[in-house]
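Two complexes, one shared chain (chain A), two partners (chain B, chain C).
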Partner chain A sequence: MRKYLSFFKIRFINGLQYRAAAWAGISTQFAWGGMMILLFWAFYQNGQNEFPMTFPELSSYLWLQQAFLALFMAWYFDNEIFNAVSSGNVAYELCRPVSIYTMWFMKNMAVRLSRVVLRCMPILLVAAILPKPFNISLPVSLFAGLLFLASMFLGFLVLVAFTMLIYISTFYTISPLGIRILAISVVDFFAGGIIPLPFFPENIKAIMYILPFASMQNTPFLIYNGYLNGLDILWSMLLQAGWLFALVFVGRLMMTKALKKVVIQGG
Partner chain B sequence: MRLYIKYASIILRSQMQYKASFVMTSIGQFLTAFTTFLGMYFMFSRFNSVDGFSFSEVLLCYAVILTAFSLAECFVRGFDAFSGIISNGEFDRIMVRPRNEILQVLASRIEFSRIGRLLQAIAIFIYAIPTSGVIWSSDKILTVILMIIGGFLVFSGLFIIYASVCFFTIEGLEFMNIFTDGGRELGKYPLSVYGEGIMKFFTYIIPITLFQYYPFLYLIGRTDNKFYMILPLVGIPFLIPCLMFWKFGVRHYKSTGS
Partner chain C sequence: MIELNNINKTFKIAKRNAGFGEAVKTLFKKDYTYIHALNDVSFKINDGEMVGYIGPNGAGKSSTIKIMSGILTPDSGECIINGRTPWKDRINHVKEIGVVFGQRSQLWWDVPVVDSFELIKDIYKVDDASFGKTLNDLVELLDIGEIIRTPARQLSLGQRMRCEIAASLLHNPKVLFLDEPTIGLDAVSKIAVRNFIKTLNKEQGTTVILTTHDMQDIEALTERILLIGKGKILLDGTLNELKKRNSTHKTLVVDYMGDRIGDIAGISITKDLDGHAELVVDTLEIPVSQAISLISAQVDVTDLSVMGATAEEMVVSLYKEFEI
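Right after this comes the complex of A and B.
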């Protein structure tokens, strides 16, 4: 475990160096969040419909989404890993006495976490002092807050486990381009990156909730704003854990299979 | 112009060497635009209308801005990727050639794979044109064309500013994406839905409403004021400060070496 932690640390500290990029990211995300909120506000103005959540709940959801974007963004991929596979450098990594799956997993976690550490606080602070109902409110209860943190961590692991499948698939396809593009669109849409999942029509929603993508950002944010409560929280978190195990299991299986007949590109 | 076409055909041929990559990128462009469209569809299936605009009216607006943006991204991409030209010293080579710099930068990169996004825009047009309830007389058609041209020019102007900033920062500023990509995302809906403040900003600072909101009102028959129809042309002077800023940047250009 120690060796994996040091991989994690190297990447994490490396990621913390990009301060200027972080400021640019913060302002972009802030503008983006503001835009989404104003847009939903416009939709909420024609008050004759049933809203799946109240506007303050929605504001909290959207700001959390911006603040923790780096944990859940689908479009970030570590190009070093893709290059390692397509250039053949992965051979060196295979010589090391480490599990390549765990190592890549750790590296990915570290990059994403380092970005979030730099970015989430300013966004959350400013979002908290905005006038009601556009601000982010506190979690509905202390207990919900704790569950939110736990669930966010689970969701984060689910996302990383999912992206691992994309990395591993490059062993088979060499060029990651196609599958990567597909994955980005699918994850973004089904995880609630375009519109929050509760806004989908009921029959589609039922299916979307079961998919692994709903176990990413959707579950923790809905726990935070009180949309999920009681037993629902328990079920969604169990589902998260289930998906995590399933994805890691499939990932490891694919990895072992791929490595059995791996062809190293070039020399 | 002949030179530009020559450049374009070279770039097209070279991009066609990597057909799979080209197709994939186009599909990716199409998919991202498509999920955005699905998002809008589900929002409207719940809410029916926003700020008094119906789904197909909003789609018309989205199609216009998507067309304008993807055309700008296709042909003015050289400016969008300008930080690369600066940081690898390519711009030195451009300056010593006896041709206009802008032409050369424009011709350095033409992104034909933006056709994916354009196809999406065309598909939306095909859906929205009959269902939007607009009676398509010749002046309405002219309005749409003017909106697209105006949008193309304003987005081009934004890309030029984005590039000019690189003269001073070397790096591209991710921050600027708020105005280009952000402009596209905001522009899916008529800008009035975001409220007064945003409207004013995008009228007087960055003239997006001039080719989007106001002519759109004329298009869907909210107003009979013919003046709104030609407003996209009023946005053209926006290019002047952009080009001035570019010239200013060129004059202060210090080579990064190689």
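Right after this comes the complex of A and C.
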């Protein structure tokens, strides 16, 4: 395990270097979060209270989404991994006594976490002092807060496990661009990145909740703002764990197959 | 101990002709050609040996190295290194080998080299004491003390290559594969790298397998040579044996005063200008010493040197001989 932690460490420290990028990211996320909130505010002004969430719940959801964007953004990929495969540098990684799957998984976690560490605090702080109902409220209870953290970690792992499938597919397709674009749009839509999942019509929602994408950002944020409670929390978190297990299993299987037929590019 | 028996590897490669029409056609039907990268390759290398693995581009050198380092799975055949099959037991196998790919980098680009070393230490679970000792030795032998605190991206190629080699040896591997370790290096760095490899082989008894296009590498380092061409092992022998095969001709370079050199049986004149001549002596017809005395009988020799075939020329003639 120690060796994987070392991979984690080197990527994490590396990620912390990019301060300017973090400030740029923070301001973008403020602008984006503000826009989303104003957009929904316009709907809420004219609607007849037929919304699945109250406006303060929605504000919390949207600010959490912005603060923890780096954990759940599907469009972010570690180019180092793609380059390693398409240029053949993966040869060196294969010469190490490590599981490539675990190593890439760790690297991914490290990059995303380092980004989130730099960004989440300023966003959460400022979002907390905004006037009501545009601000982020505290979790509904301390217990919900703890469950939120646990569920967010699970959701984070589910997302990384899913992106692993895209990284592994590079072994088969050489250029990962096509699969990437497809995956990005699917994940963003079905995970509630564009519109929070509770806003979808009932019958579609039922299917969306079962898909792995709902187990990413949707579950923890809904626990935080109190939309999910009681047994629903338990089921959602079990579903998260189930998807995590399934995605890691499939990923490892694909990796083993890929390595058997791997061709190292470029001499 | 390294043993390869009848290793075969075929690559499937998509091919198409140039042009838009052809590009559209391949959307529906792709033509593949099969390239037999390795064809019944067998050899055996004992512990502590230093072997030069040579052959023209595309002969299968890198493929063999990749198979031996567990990256590539061959189609058929057997390869046993220290009692293991590399691609079946990759993780345990790679603990005991070190690999340097001259054209790639294993150092993390943005961090000081020594950080990469620390990471490699953790990957191979090297304990602090032996890591410290190995690192000290490597730093001294490769003369990299000054540069290991610099990020890899700011190193020159020669500096980086020395760090790459150090990185491959931090875990004290029993076998070291070097895939073109001197490619693109200047004379000083080349010599530093060669000396280091020699010392390593002599003092630690590390088995070294080296692919290169630089015949001076071979001359400086290896006793034994494996020649591969078109995926087949064509020759397995010592450098001296190779030299003997090619030593029936010697070149004489002569500076002289007086008339031109006349015809002598067994000597052909390749160049003769203004008192400077190059002659090729067929040693089967006439010994070199006799050739020299015959020449000095004709003209007043001011300077003379005898040259055997260089490794470079030998390899060219080998490539010609085997039509690769």
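Definition applied: the second predicted complex is superposed on the first by the 265 of 267 C-alpha atoms of A that agree within 3 Å, B and C clash if a C-alpha of one lies under 4 Å from a C-alpha of the other, contacts with A are read in each partner's own complex, and residues count from 1 in each chain.
The rule is simple: a contact is a pair of C-beta atoms (placed from the backbone, for glycine too) under 8 Å apart; a residue touches a chain by one contact, two chains touch by 3 or more.
Computed from a predicted structure; not experimentally measured.
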Chain B versus chain C as contact partner of A:Asn14, first or second or both or neither: second
Classify the contacts of A:Pro131 with the two partner chains as first (chain B alone), second (chain C alone), both, or neither. neither
Go through the superposed model and pick first if A:Ile195 touches only chain B, second if only chain C, both, or neither. first
Looking at the overlay, does A:Arg2 come into contact with chain B only (first), chain C only (second), both, or neither? second
So in the superposed three-chain picture, is A:Val262 touching just chain B, just chain C, both, or none of them (first/second/both/neither)? second
Tell me which partner A:Gly230 touches in the superposition: chain B (first), chain C (second), both or neither. neither
Touching A:Ala91, do we find chain B (first), chain C (second), both, or neither? second
In their shared complex, at which residues does chain B touch chain A? 20-21, 24-25, 27-28, 31-32, 34-36, 38-39, 42-43, 45-51, 173-175, 177-178, 182, 185-186, 189, 193-195, 198
In their shared complex, chain C is touched by residues of chain A numbered 2-3, 5-7, 10, 13-14, 17, 87-89, 91-92, 94-99, 260-264, 266-267
Note which residues of chain A are touching chain B in the complex, please. 21, 24-25, 27-28, 31-32, 35, 38-39, 41-43, 45-46, 49, 52, 175, 177-178, 181-182, 184-185, 188-189, 194-195, 199-201, 204
Within the complex, chain A is touched by chain C residues 11, 62, 66, 69-73, 90-92, 94-95, 97, 99, 101, 103-106, 108, 110-111, 115, 118-119, 122-125
